[in-house]
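Just below sit the structures, each encoded as structure tokens.
The two complexes that follow have chain A in common; it is paired with chain B in the first and with chain C in the second.
On to the complex of A and B.
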């Protein structure tokens, strides 16, 4: 960085160095005016970047007052100018570095001849889309608004839901190239300061030069734990963010991303949906159904393989006859068949996301009807395998948080492999490793499986089944930090 | 954490020593649901009913039979099975065996024990397969019958028997337990063929409205693993009633007045109390049963509204049960059998007395007497309220 030096008192030098810093970009607008001052004659220069400023604000509230300004004393020029322009948020800037940063953030810089200070007025106008419903976390009942790419909007949405003076917002800029603004949000009275310190340190020590999405931060702060499970919770919903903040968690908002990160994240939270809190408690078993389908989605295919290959005596006779009859006419072994179809399903899912909406309908007909049904009709695959594989993916869709649903993708292949080599013994072996792996994970010092392991009976009220709100809302959850893990990490 | 992965690796490596013979694609194995064993002078004739899944489930490849019965002789069951295995293109999967049919001759020659031991010993044949015997035909013949309702006879036989209630039936481990127990003789269900054997073994059997088919005949009474006597199915039901294993059946009794009949449909029957008395060196056994059921066909003239009539009916039912049980007892006494487990009830209540009578129990039982009293609850008398002509 060349331009750390202070501003010079020569207007020309300053403008030259700004232009040099921006490589004479045409976006950089420099407007020099000579206001009709009565006492002295001084030039004033407005500098801003086109397309990210609100020009009408500059015209109405900066340019016009300045051009009509008469009283100007050389004794306190900054004060006079500040009193003239009609912008609420202004700042006095001393260094070139700061000046450039303000320019890139959409502020208008007012330079005055023979003065080595300048005024930065907030005139930014960022292009943004309208608020829509959250794409990845839709609900039937409850708030329908989702975050957008503009951090200011997102902060405003959270503040609307959480009108509380204890809500702290720590803003900082990271990424040398992109200068992305990152905000840490927490409730000062509820947050665990140890975790907060860890998060702060991790965010500050991010060494990426560019940050284009919150997932960059997610990856950087997740640490060195090798796992496919997400250790950071992402959401597009203001109500979910507020809920987590009230539980004493920390939200990280990254400008340019509609996904807000929440830490620490627990395993069970990925299976909870905001609707759980908006529907009637206890009798609403959707959360249990979600957990059940998540588990079954891992085990269905491996058990199908283990039973048909190794433990045929466990299949009821009538079903066995049917399965054996289907198997008589297909060419591939059951494992290959299943793996091929799992891959195919992944491809179908992958391409259906990318395709233009117009083609999606045609694609789903080809993908599902023709590929699935006809493959079975043509005797290429067993119908039962098809049913099992598609049931797995349908069950997997019941998981409300997409990255979490994705995390078991590879685990499923691992289980299929174990089942095909070792049968049910292999499935048990895989479960052993999987459960141990989950137990070893921690999200910012909080064990991933808590409150189930280690068991926190008080927190179980909102784990598998949601208890009535009055039992869970007014008591704060205590996230047990695992000392063993922390010591181990050191 | 690392040591866990270490354990995982060790466990995975350990499984190399597992038998990979267990792994078979479904189209590499031939499944059998019924196994028949017949008497042979030295050894056995084993018949294995291998199913043809495509034919049974309707996904036909060729228009072939739903099942094939392979037969082989051997001095041991295993050699016979091996012979069958050599003759087929696929791996034999016996783990789905549901019934094991013992030929009548084999049962009469007292070979039940060794079969039970074999089944318990064999890792391939499930120990919970039902063991039944045949009457009149060889096991291999009955397995060849085309079964018109269920499609294949193993399932048809199993379903026919399962209707009786699961606990009435016996599998190898239960028989083993009963063989070890003193004071009770085994009774096993038997099946027989209704219709012509040759006709039944022909595929045309599936196309006719009066097919030859397999029926549940009743229970065969065994003494020390040797078949002694067949009971018909009505007697068998009354036998099971006293053994406390009864599911519902019809008890037909004579009206309190006149010779007309009425039917009592029994729903639940349980033995409430079982006692014995020793009088003049003769044992008499007292059973108290709790029965509940409905009055069905009613040809009598008593008004069912009248509690008096109901109690008369109950007396009649009681009498019928008593006479039926006496009939079974006398059959058993003729063959020196104890299918009710009378000796067992002495043994459990008075082990000392049992030790004295144990040796000559089979002769002593000839003097035993049976006294059955039933507490009957009639739940529903049907729409006969006005009948009182």
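On to the complex of A and C.
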């Protein structure tokens, strides 16, 4: 292949082939200088991409020293140039392929006449936004800083929280088209090396040509298990990332994405919020409330349908009379009514996320007041159904991690179907399938439902209720891997 | 078949709890003994503890092998093979009986108008799904269902006592201890169901990780189950009257139907329904797994197609479930009169006793 050939010793040929590689892009700046104070006249050429370099650095620390350079021996020219330019991070490059990759990463290439090597100086300046609140995982108390799109910033945020020489960062570039840099982070003394090996292999064997967000990686490494539950934890918070790293997990940072991936992920961790650790222990019931509302948000609608369709005897008689009175004036059967409203709610949620801020007020009036209250007043739907469906979505919002809250969306419809055919019996059947499915999942060899199923009493201190920090921080959690699953895969 | 150890002792304990309590507590066993049913239950628990330790002893003496291996080692290749087949069919039959239990129960309490076929069919699909996921997820799910069941079982006694329907004078004062009646209740019916059925675990035990912890862990489970069964029979008798309790099909459901709590929760029998469904699901699945494992061991030397064997077992279960089970009364009658004498006692007590005798004699000779 042409691109991996070595550099030629002719300056013109090199520049021509660089320009050819970049298809004579306007952005590619080639600046040829011949330093005036040299005894032997030598042409030196600076090449960089205009939009991703810090030009003041090039001017102050490369161009000016070069122009004022006095000593230059033909014997070791690379050495002399390296000693002249004032950049901390430089590298000598031999091949065209490397040169192009350095250029696209924002480095400045210094080519010298009649020499088949060149110097790459780090001058990149990536555009980034300022640090803000973590948008999707806000807390009242605790650190308020969130990750940004620039991997370097994110790494720096994590390292600030975790000043530890055992924190290993493994960087690699994947994606043939986008050349995205991916970093694996772990604490060398805490990580489980078998899990690390699995993660490494999975990341290396990603066969995507372009990676635009960490969710691409998430999907590629989640494996062949078919499930709606997320098997990889995503977070925008440095404190959460540090906490997980300290538990012996592996973080995957993808350049260009503010979401850091953490593996292995457990079911219960999606219901835990960083605030749990910043509030008082034991007596705070927020975690229990979250778990409770998550479970109720699955079962509320199915139970409503099962009770009204099959088991009216279980409803208190006053309520039953009331419901029956409401039923008389509405046209649709209760199942259709509920499914229609569930779909409508999904649509309202979907459109409210993407609406321009100016329209939201009008939208909330139309969406909530007119569709909800007025539909019931007009006798189109039953008020009770409306209450039940709305309550479900309110409960669902108590789940702190958004993708996890979404994972039960389909399951809810499945349960509604079962409840409308078989009543409570159907709900129980669905529960058997759901629990069995959850028990069969594993995230990188760790059972998804641990430490509850399989039961690990030692790890329960930080599961449903948080025990005092003294009891949970200094003892390492054992993420017991699934021997059976591991052997099976081999 | 070499079993991979993959079950922790904790999960095994939860499976045993669900296995012992799930259906027995709803069907209200030992109520024939009237006001002394709690005593009968305790007595049965002690016998069950003895039986369980007998099974574990057999298992330990035979190098923690599977049931088929134990039988062949003790009875020789041919007789052992035949007895293994008998066990496989026996487990399948018990699975089908529990399947009928749940179908009749659902039909009479929840879905009165649903044709039994649909209930049988759906629960069967769930069992097949569970089997397809393997033993490990099933055993793990026992922790979650076990916690639900146990928390319900803890709540119900409070509700019963608080509701004011419990009449202590139905039971007190103790008089005329009819030993004969109690013993007749305990043997054989109460010993064989649910405790004797623990023999099915001989087929699952090779998958256990902590082999040493089984005696203690299993015994704890049996003690707890016996105490709970005793408490519940006590409460049931106290609510329903000693002479009437035994005439209900599902005494605990009837008992809970009497509870009205703070004027709002008028019917709590949904709790009993959930407990019963979980218990039956676990029983059917444990028996199905056991039946398949034993059958697989038996046919290991012929290199049979795994899938066809499993399908055959499932077909056997569904076929057996149509045997004399058109109505609940017939089904219960067979379960109370024929099954204990013809199946339970020989396979749960006689065969293990023979094995112990053989082991003992061989130990003496060697």
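The rule we apply is simple: the second predicted complex is superposed on the first by the 483 of 490 C-alpha atoms of A that agree within 3 Å, B and C clash if a C-alpha of one lies under 4 Å from a C-alpha of the other, contacts with A are read in each partner's own complex, and residues count from 1 in each chain.
Here is the rule we go by: a contact is a pair of C-beta atoms (placed from the backbone, for glycine too) under 8 Å apart; a residue touches a chain by one contact, two chains touch by 3 or more.
This is a predicted model, so every value here is computed, not measured.
Once the complexes are laid over each other on chain A, chain B and chain C cannot both fit and instead clash. Look at A:453: by the touch rule set out above, it reaches chain C but stays clear of chain B.
In the superposition on chain A, A:322 makes contact with chain B only, while chain C stays out of contact range. In the superposition on chain A, A:94 contacts neither chain B nor chain C. Look at A:436: by the touch rule set out above, it reaches both chain B and chain C. By the touch criterion defined above, A:312 reaches chain B but does not reach chain C.
Look at A:424: by the touch rule set out above, it reaches chain C but stays clear of chain B. Listed for chain C are the stretches 129-137, 147-155, 219-227 or 291-299, of which 129-137 clashes with chain B, judged after superposition on chain A.
Under the contact criterion defined above, the residues of chain A that touch both chain B in one complex and chain C in the other are 310, 313, 317, 422-423, 425-426, 429, 432-433, 436, 440. Interface residues of chain A, counted against chain C in their complex, comprise 310-311, 313-314, 316-317, 422-426, 428-429, 432-433, 435-440, 447, 449, 452-455, 457, 482-484, 487. Chain A contributes residues 308-310, 312-313, 317-318, 320-330, 333-334, 421-423, 425-426, 429, 432-433, 436, 440 to its touches with chain B in the complex. Interface of chain C with chain A (complex): residues 4, 6, 8, 10-11, 14, 106, 110-111, 114, 119, 122-123, 126, 129-130, 133-134, 136-138, 140-145, 263-267, 270, 273-274, 277-278, 281. Those residues of chain B that touch chain A in the shared complex are 1, 4-5, 7-8, 11-12, 15, 18, 22-27, 29, 31, 33, 51, 53-54, 56-59, 61, 93, 95-96, 98, 126, 155.
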